[in-house]
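Pasting the structures in now, so scroll down.
Paired with subunit B in one complex and with subunit C in the other, subunit A is shared by the two complexes that follow.
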Partner chain A sequence: CRASSDGKPAKFQPPAKPVIVDKQKQRVERRFLSPEFIPPRGRTDPLKYYMERKDMIQRRKVFNIPEFYVGSVLAVTTADPYANNKSNRFVGICIQRGGKGLGATFVLRNVIEGQGVEICYELYSPRIQAIEVLKLEKRLDDNLMYLRDALPEYSTFDMNMKPESHLDHEEIPVNKLQVRMKPKPWSKRWERPKYNIKGIKFELPESKMKEAQKWSQPWLEFDMLREYDTSKIEEQIWKEVNEELKK
Partner chain B sequence: MMPIWTKSGKKHAVTLLKVQDCHVLRYISKEESGRKTAQLVVGGKNVSPFSKPESAHEIFKEAGVPRKQKISSFNVTDDAIIKPGTPLYAAHFRPGQFVDVTAKTIGKGFQGVMKRWGFKGQPASHGQTKTHRRPGAISTNKASKVYRGKKMPGKMGNIYRTTFGLKVWRVNTKHDIIYVHGCVPGHKNCLVKVRDSELPTCKESNKNPPFPTFFADGDEKLPEDLFDEEIFQFTEPSVTY
Partner chain C sequence: QGLLRRSVSHSFLSFTSISEARQAIQKLTRVRVVDNSALGNTPYHRPPKCIHVYNKTGVGKVGDKILLAIKGEKKKALIVGHKMPGPTMTPRFDSNNVVLIEDNGNPIGTRIKTPIPYILRQREGEFSKVLAIARNFV
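Then we have the complex of A and B:
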């Protein structure tokens, strides 16, 4: 102990309290609200969306619909009256999620024995017996319809693929794959700015890319009437859905 | 409109119709109306009383009911007469019944003959001079006049039309909603008149309705949701074959 200036023992100073930083709590809780819960902009009575949501939550209580994004690989087993075991299993990459409410759909694509196959499933159809996520990941775009014009290797997935595990708290990996395309003509002119595709490695000459920019509409992002802010609606619906599912 | 699935896995589309503050307003006897049956005047959806003169409020005051946006009359047999002022609920209809729905169609304004009547018009090229969507000839030489009712351009839509024989799949008694098969004339949130079906093939299914109507303060306690037998309810596990 140190001797103070006036000879008395120094006042005991306790050491600084240790600050416990809980890294688990620091990670912001990842919220995922399936896009079909968010009502579209329109003049429909919100009571209709409330009734649909009740039905959707009821179905989710009985049957688990996992979280998945466009670009994740899923395996879906449906009931089929004409199949051998009365059930049909299909594995594919999700290229599109469409529809709102009970009629929400997702399209799975795979190339089987050289033939590209796309199947559109309804999320809430009672014929679906199981949905498994084999690989949970996002891609650079919301709509992967361009895989139809890409080389078939980008759409082939093994039917007996093993599911990849994914930790609950980690962020979903974004696959920044740039896909190579078959030679033109394509089903749609994917180089045009209206599709806003980031996931294609365009090997077209510079002149073609510049000509495609002629169809750009730069005023669209500033159009205020097109803005649809869903943050508050999402919060309300998220609370509602979570409370109901916990019951 | 919403999708609905049956127990066999088939998908059908349904329209949701809300029964909003419906009250019986007046009873018109056979002699008064001059028809074969008596009539009951029913009003829907409450609306502010300040936009109409006092003379228009007489019917509502007699029944003791706020002013309604739409009133319509239903032909009723003598044993189904209801006292004016009773509220009507969605549970008046039960799943499995068939129903006719009347409403004003969406107004399209002044439309040409191709959209209004489905005429084929003329070709786009090969020498047509200024004639691509016109009606063409409107009568023959011998008639030397144009017949009454000739299909010509004019205001399209905004008229009353009925769809017959729609099945009721589900009734929600808490929010008073009727789930009716298929589509219904009119735009979203428009006023709609729902009657028991008059089609001869639907007479059997309409045998046991709540007669004369469903009374909320009566003895019958209904569950929140009434489903038809064939509907797949979401509380059941997935369909297997």
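Then we have the complex of A and C:
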């Protein structure tokens, strides 16, 4: 308390009101729309995709399909009439997500007892009983098919891996791992610019890398007929999907 | 063993890449024997090759019987996995796997360490002995 210059008691100044900043609401909500919702470019009637989306949302209401990306480790339990306990659990890294609509698939890869195994699952198949995300992360590429030609240590995951917890509002971590490959020949020439792979540590001589650049097609990125801007379509579908899911 | 197919030791092969078409097993495909039998595991200068597929079409898938040429002998074998993608939800292996078998269906080896697809359980009657020695299933 300050002594006033006049000798009279100073006017009571209330302290400033605390400003409550709700950090959780401030963070931008992360939107994730599964890639199979976005219709492919074509001349088919959008009604077909609308009906398929309704069926996809119906299935999602009954069964939870979590958010995952290429490069995340998943565990899938399917109903199998020939397995003991009628169910079969497989753990693997997702190397590819393909297909649109109800036929959307994802391929999981794992190396068991030195043997590489890949299984292609359909997301909306009624045979799938549970999908758990053990490790949610992204990689530098959209397609990890090169893991077939990489050293097997990069595709091995323990079948009894514990799920790693992931906070809701944080961004998905991008694993900038550069994978080491087996000696050539590979199943595809991954050094060529057509595949545009960033996740391989190429230990090839400079001459080979330069020779691979001969097959580059620099005009492709400027080709306007190949452009497919999905931002508006995504907004529409996002609203539609969220409304339906809330019902 | 997986590096065998990458070796270009033969003098008559002038190109460096051996194209690996991911088709199912047919005549002259090199296969990998996965059980612990002596015939399948002793090294030989030629890889085991398929010489006949016991099928209406000459293409063998999982669960088909084939004739192999190993170490100068003919032996029957059962396909337990191939590199060609099959129906969805079935596993696709990184090598063409085969289990050596007698004419009556008895396996020659005593243990199979590599994973076997569950689809083989459908024909439990024919393959019961092979499934009994298998350790891991996928």
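Definition applied: the second predicted complex is superposed on the first by the 225 of 247 C-alpha atoms of A that agree within 3 Å, B and C clash if a C-alpha of one lies under 4 Å from a C-alpha of the other, contacts with A are read in each partner's own complex, and residues count from 1 in each chain.
The definition used in the following text is that a residue touches a chain if its C-beta (ideal position, glycine included) is under 8 Å from a C-beta of that chain, and two chains touch if they have at least 3 such contacts.
This structure is a prediction, so every number in the text was calculated from the model and none was measured.
Colleague: Could you check whether subunit B and subunit C clash or fit when both are placed on subunit A?
Modeller: These partners fit in the superposed model.
Colleague: Once the shared chain is lined up, is A:Arg148 touching subunit B (first), subunit C (second), both, or neither of them?
Modeller: A:Arg148: touches subunit C, not subunit B.
Colleague: Would you sort A:Arg127 into first (subunit B), second (subunit C), both or neither based on which partner it touches?
Modeller: Both partners, subunit B and subunit C.
Colleague: Pick one for A:Asp80: touches subunit B only (first), subunit C only (second), both, or neither.
Modeller: A:Asp80: touches subunit B and subunit C.
Colleague: May I ask you to decide whether A:Leu204 touches subunit B, subunit C, both, or neither, giving the answer as first, second, both or neither?
Modeller: Neither subunit B nor subunit C is touched by A:Leu204.
Colleague: After superposition on the shared chain, which partner residues are touched by A:Gly116: those of subunit B (first), subunit C (second), both, or neither?
Modeller: Only subunit C; A:Gly116 stays clear of subunit B.
Colleague: For A:Ser187, select first, second, both or neither according to whether it touches subunit B, subunit C, the two together, or no partner.
Modeller: second
Colleague: Can you work out, in whole Å, how close the C-alpha atoms of subunit B and subunit C get once everything is superposed?
Modeller: Taking the overlay as described at the top, subunit B lies 10 Å from subunit C at its nearest C-alpha.
Colleague: Following superposition on chain A, which residues of subunit A contact subunit B and also contact subunit C?
Modeller: 80, 122, 125, 127.
Colleague: Once bound in the complex, which stretches of subunit C touch subunit A?
Modeller: 3, 6, 16-18, 20, 34, 81, 85, 88-95, 97, 113-115, 118-122, 136-138
Colleague: Subunit C touches which residues of subunit A in the complex?
Modeller: Contact set of subunit A toward subunit C: 78, 80, 82-83, 88, 90, 105, 112-122, 125, 127, 148, 182-185, 187.
Colleague: Help me check something: in the complex, which residues belonging to subunit A touch subunit B?
Modeller: 42-45, 47-48, 51-52, 55, 58-59, 62-63, 79-81, 86-87, 101-103, 122, 124-129
Colleague: Which residues, counting only subunit B, touch subunit A once they are in their complex?
Modeller: 2-3, 5, 9, 11, 16, 18, 172, 175, 177, 188-189, 232, 234-241
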